[in-house]
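Shared chain: chain A. Partners: chain B in the first complex, chain C in the second.
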Partner chain A sequence: MSPAPFDVARGSAFRPSDRTALAYVSRDGALALYNDYATHRSTLVHEPVLRGEDLEVRARWRGAAPGPRTVSVGGRVQGYGVFTFPYGPVAMGTAEAGAFDLVTYGERILELVPTVGYKDRGIEQAVVGRTVEDAALWVERRAGVFALAHVSAFLAAAEAAAGRSVPERELWRRALAQELQRIQAHLRLLARVADGASQNVGAAQVHALEEELLRAISRCFGHRWGFGALLPAHPSDRLDRNGRTELADRLGRISRGFNGLWETFLTSRTFIDRIQGTGTVPAAESVRWAAVGPTLRASSIAWDDRLRQPSVPYTDLFVPLATEANGDALARVLVRQEEIRASFLMLEQMLERWEGVGAGEVIPSPGIAPSRGIARVEAPNGDLVYDVTIADGRVASLQSRSPSEANWPVMALSLRGAVFTDFVFSLESFGSSFAETDG
Partner chain B sequence: MIDPGSVVFLAAVAALFAAAPVAFVRRRAGYTLSLAGSLLVVTAATWALAVGPFTVVSWTGVLGSDVSLRLDALSAFFVLVAGIVWTATSFYSIGYDDEPSAGLAVSYALTLGSIAILITATDWLLFLAAWEAMTLAAYWMILEALGRPSRVYSAAFVFLAFGEASTLLVAVMIAATYSTTGTFAMTAITVAGPLASVIFVAAVVGFGLKMGVAPFHMSEWLPIAHSSAPSNASAVLSSTLTLAGVYGLFRVVTLLPTGPSWWGALLLVIGAVSALLGAIFASVSEHAKGLPAYSTIENNGLILVALGIALVARAQGLPTLATFALYAALFQAFAHAVTKAALFLFAGDVERTMRTYDLTRVRGGLKDADQLASGASVVAALSLAAAPPLAGFVSEWMILESLFQSYQFGQPTLEFIGLLSGAIVALAAGLVLVAMLKFIGFTALWKPTHSAGAVPARGLAAPIAALAGVVVALGVLAPWVLVFVTPTASQLLGTTAIAPIGGLLAIPTGWSIISTTPALSMFGILSPPAISIALAVGALPAIAYYAAGRRRALRRADAWSGGRAPPRTSETYTSFGYSTGMRIMLHSILGTREIRRSAGPLGTISEIRSPETYDVELEVLDVFKSFYDVLVRLVGGTAVALQRAIMPGRVGRYLAYILSMTLIVIVYVAIAFGPR
Partner chain C sequence: MTSWIRHSAARGILTSRYPDRAATDEELPEAGRTPTAHPEELARLSDGERSLCPTGAIREQAVDQGRCIRCERCFAFGLRPLGSPAMNVGTREELRESAGLADRRPTSVAPFGTSLHVFMIDVGSCHACNAEVLALGTPYYDLNRLGLFFTNSPRHADVLVVVGVPTPEMVEPLRRTYEAMPGPKAVLAVGACAIDRGIFADGPRTGSSVGEIVPVDLYVAGCPPPPVAILEGVLALAGRGATPEERR
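Right, the complex of A and B next:
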């Protein structure tokens, strides 16, 4: 039995403080999840009384209609010589289909307005009426880099909704897969930041490490992004004794390679200069705009779902928590490289203790309503929430709030007053994905 | 025997002045008469340069000395430059002037006439009278922007204040000259020592005020840029009124004996600082006339730098370098006057077509509306940005070439000043490129959207194009201009250095400008004709390709806009944005600061947290303006305090003041002029 993931309150019984951030709110507004960074507790509120800023945060997350929508954080600049510089969605330098409006009088970004929704595939609507197994195939295709986190969160929510117990070993498998993918996602982000600073050789070396890791995932789970690896009906992996030894060997090599490479990065003054003090998000703004994950931790707020809302197997593992104080691009990069080390450490622990994992079943935490479950997972970019309702063994509704989606407002804020050339460092250090945002 | 040239010039002056009363009755007739007068000025000057100097008229002045109008080499050169500019501006004015009153046309004619007299006077009193007449006529011209919502009154007053300060200093200079030569005639001043320095410094400040060099550049940019002075007036002011200052300085320098080398060093410092400030402020100006006005400060600074090199070289006994630098200064004056007139006339065209001088609103509006004028302005701006083979390129090369040779000065301090000025001038030259590209980019070259075509102002393009033609000819034919048009060293300084003309390899002798040093027979060489021929030959294949009809294969499409709808006008770069980098980088010089004002709250739910719609403004300051503001406050405050102390409304105290002043004057006269 997992520890209770959150307190439950109703309506006005819950009083948020200024250290409380809205972590999730359901589409109809009947359900809200708050994180309290003072007490490190989450509270699930039924029939919540949403504050003005909560309404505002929700408005940033969710547009009313599908399709392109802007994530404006308020304020409107006008003045002599001020103009809008449109960038994207199909432009050099944006890896995905997403657009930005840079309001500027030249050189300096007065306001940044991201436009999301170009990649809206309607996955949340498309899975309604499908079996959990079938729906998982859709969910994991939302954003390949984060596939394993999404499918884990979806399955956990579906299991909580159905009240179905899960084999303990299966939970270990999910955690192992997620940590592998976290390292890969973080490596990719570091490479892209380095690329932005024209650290071409370093970026190429990090990409090479990422490729090594992708191959390790592929060897272990049969697919580079882990597609299909966690589907309940067809668990396929190569995690027998030989497979584990091979994986441990590969990970050891990658870990050593990364450590050496990171030394080089930290001694590159040109690299550090570009990201230090760039795209700063103060802690208060992070809380106010409900930022999550490494972005939040880089502004000195110690919140990690693996620690604050631990589930099997994180309850049994040593989980290092990385935080940084400055909230700039350098802090976000440092948090991520710490997390790479932490994930290597956790993988080592998991592989060592794999034999001893019990064959028992874990009963999921109770659903929040009949046939409705909420699950949270610390995805590479941060807190990922899935809210699933199951009826007759099929998905009746699916709602989610991805970490990328949560982080756009602070990303937009971080560039106010910055110069154009800071843009790439802010964009890449947040690592928000348009595909994950749009769903 | 009467020289035919003198008849022509007399007719020219008569026409220029007669244009004033004629314009009062029929404006276009007045401008036409000005045009005729200008053409006659050009003819007379050409005659003087080709045949030799001549005296136009001569009479016995009030104070006994002979007063005359004379076209010697120096006067003829400057009158030629002015005449070329006036020909274009007068022709332009016929189609341009739609002011409600005839005042502009009348004051325009008077300004031209005064300048013509000023440049040809052989007597300092006549010079001073013409100088003052020019200042007043120009003041009137600026005032003629009356009826437009602007700060024109205060701007015109600033112009007059600086103008009178200039007259005062020129008068001091003349008085000091008279005290040593005993005549008002422009004869050589033989005195050395402190008095010579007094004359020199008074001349530098007095004429510098008119040239608008630092720290007096307010006198140049404020009236032209911040008032809506008509564009033909601006062209005359910026090109030929500052040219009058250049002429005055040249005249004094040629009359003075070889002075101490700090004279030249002073000019080097003033010139370099002016060039840099002018270039910086030009590149951040958003006003279609303010930008060229600042550029005038830069160019006049360059003239001072070249003249400074010449003076130092003369003092240090380097006649070759002195000659070369003088040629550079004169050529720069010529190139600048012509190109700057073209730019100001183009700015008038811009205003007539787009109804604004604001570059952020013009947005390339002239590109399709007036292609001839646009092309001409591109030529003029490229010349100011020193693009080969145009006039500005040649003069800038000569000035930098002179600066490179400052290593010969022989005194570490002087060499250091030369080196520093060289670095500053090179920096200014680079910054001017930013300013010029911005000017032509956002008026003539780049049009962001397919906005509806503006209605072009008619009949304004031809004079601009003609001036652009002169700019090209000046550049391409630079060696011959130097030989036949520019006064020679012997005429200016009495030295015997030859014109810096030569040849190299396949380039025939006479086709190249060379600078030499005592040690090197060839320090640097430039052949504008050869460069032009090379450029033309290089362009032949492209011309042939287009002539063969390949132009039809050209496919035009909208620029890729990231997959979204084509950008609206509000989504394209503004000219302000183009130079914001400069504003931020040079914030310590420009005093850049961002001002944010709330523009009223918005009540929608999505704006709860950050309700403010705010105005943002990136403001730049001219440190010198702050200085003058303080000065004005001080003087104003003192005046008010004095007034209250002396004239508080009590007759007794006022009478006592008058009596004591009278007594002081009587005592002073008795001591100073009484029998010894």
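Right, the complex of A and C next:
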């Protein structure tokens, strides 16, 4: 049996510190999950007593009400000549349906207010009453570019809820698929940051590497974005000996290509100058607003679910942890490029040891209540939480907290006092997805 | 500066030969193709097998390519991926009959020249379609070589590419974006969600289709469609499409 991924406490028995951040709270408020960055432990709290700051954080996450809502981190700035510049929801710059209010007097951004929820398709409500397999088709189409992380988290939560064991090999497949998609997502983000800095040749080259990785994923799992790859009914993948050799070859080429390009990026003063000191989030604010993933690690907080909440196969792999101290766009980009290297390394380890993976089954950690399970996965943008209740083999309730959702408040903070042209670097270096936020 | 030139030179030309040559297996993987079977085989399927399709795309005579989300469940009872990028593109009726443009050479839907400017609007997608559309601007597909360009404003656009299933909040922005475009103009709906709402057909907030809000000229099937199929769709709007035979 996997080790219990979190301590369990009840109500007032749990005392959060100023190094503790809210990671998840259920819709009815009866269950909360906290991360403590001093002890690197997670605690699941029944009937939690939420602090004032926890309530503020929770108010910025998706609530029960559907549709658009603003994610504001302070009162509206007013003053002589101050006006609001609306951007979106129809804009090629965001490439997605989401909007921002830029409060300005003409030069500096005094305040940024993202509006999320334009793409709310009501997935959490729609999957109720469906079988796990049918629901998974909806879950993977919530955020297609992070589909493999979402499906992994959803299936793990459903398995914990049903108390169903999983073949060890299946968990390895999930990890392999997720690491491939992590590299692809990070490459995409680096290319978009480079694009914003008008590094056209570099951006095009990184985009080309991303396309090569999409083709490798497609070759392995039969779909460029991995839809269906982790579902039980899917036809067999190409991870036999030949398939693994081919994948290792392709990954080797992409990895070498990336290392060469990255050196050139680091020697480009025009690129570094644009992102250094841009969109800075101090560590205290990251904890205060419960930021996750590369955003959190870029302000020197060493939390990664693959290390702190390990499941098979991460328990058996060497997982390098990348952190940076400055909390600016450069730090976030550096963390992501370190993670690209780390993922290549993990993929290499997985492919080398694939033959030796046991035929045994892994019993998931016990559900948190009868027929209810919580699973956490380190998605490309950070900690992803799924909370699933199963009744009669069907989904009775689905709740989640996505990493994109958690990072909007710090993204809004990071642009206070910045000039207009910094907007793109902040937007792209956080990499928050509206589709993932909206559900 | 010189090192960037070195990088580019070392990589050589990556760009696809499509549409001058047929799409390769790398460009058109199985999941990008159209799952289909001989009409006789389809007619033999039991109702139970047909109901396994999560979007009800499998009918008596043909597979509705517009509804299919490529989940590949039907592969278990004999359907197989076939086709070319042209089969992913067509009017709603053509996709319903499983054929796409396979049987006809498209004519331009508007008096366009050969060069087009494209604006993409997302009305509720999972971002995979957005990524595949934007991939056309990257070195492997490079739509600029064909005289096609992305534009940042609907005011400069000839073609509106719509991705995603319209949520209530995006109905009005979609209508207004279409109205903001100067004529002549055309609409290309990309992906199962934009065609007939895909997996979201019975969702609580996804009641309307793109075609009910703006007039759609052509559809590109897939979940998401591969970039070569989207490219074929834009070319078809310009009257530069072709049958699969002509693409060999």
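Heads up, the rule we're going with is that the second predicted complex is superposed on the first by the 435 of 439 C-alpha atoms of A that agree within 3 Å, B and C clash if a C-alpha of one lies under 4 Å from a C-alpha of the other, contacts with A are read in each partner's own complex, and residues count from 1 in each chain.
Assume a contact is a pair of C-beta atoms (placed from the backbone, for glycine too) under 8 Å apart; a residue touches a chain by one contact, two chains touch by 3 or more.
Computed from a prediction, not measured in an experiment: that's the story for all the values here.
When the two complexes are overlaid on their common chain A, residue A:G243 makes contact with neither chain B nor chain C. Touch criterion not met for A:G360: it reaches neither chain B nor chain C. In the superposition on chain A, A:G129 makes contact with neither chain B nor chain C.
In the superposition on chain A, A:G79 contacts chain B only, with no contact to chain C. Applying the stated contact rule after C-alpha superposition, one finds that A:G252 touches neither chain B nor chain C. In the superposition on chain A, contact of A:V90 is made with both chain B and chain C. Contacts of A:H207 after superposition: chain C is touched, whereas chain B is not reached. In the superposition on chain A, contact of A:E56 is made with chain B only, not with chain C. In the superposition on chain A, no contact is made by A:G11 with either chain B or chain C. Counted by residues of chain A touched, the larger count belongs to C, out of chain B and chain C. When the two complexes are superposed on chain A, the residues of chain A that touch both chain B and chain C are 89-91, 97. Residues 66-68, 89-93, 95-97, 117-123, 125-126, 134, 137-138, 141-145, 147, 188, 201-202, 204-205, 207-208, 210-211, 215, 218-219, 222-225, 227-228, 231, 233-235, 257, 260-261, 264, 267, 433-436 of chain A are the ones touching chain C in the complex.
Here chain B touches chain A in the complex through residues 286, 360, 560-564, 567, 570-581, 583-584, 599, 602, 605-618, going by the rule given at the top. Against chain A, in their complex, chain C makes its touches with residues 3-5, 7-8, 11, 14, 26, 29-32, 54, 69-73, 75-76, 119-132, 134-135, 138-140, 150-154, 164-165, 167-170, 173, 177, 193, 198-200, 202-206, 223-224, 226.
Those residues of chain A that touch chain B in the shared complex are 52-53, 55-56, 59, 72-91, 97, 99, 104-108, 110, 288, 419.
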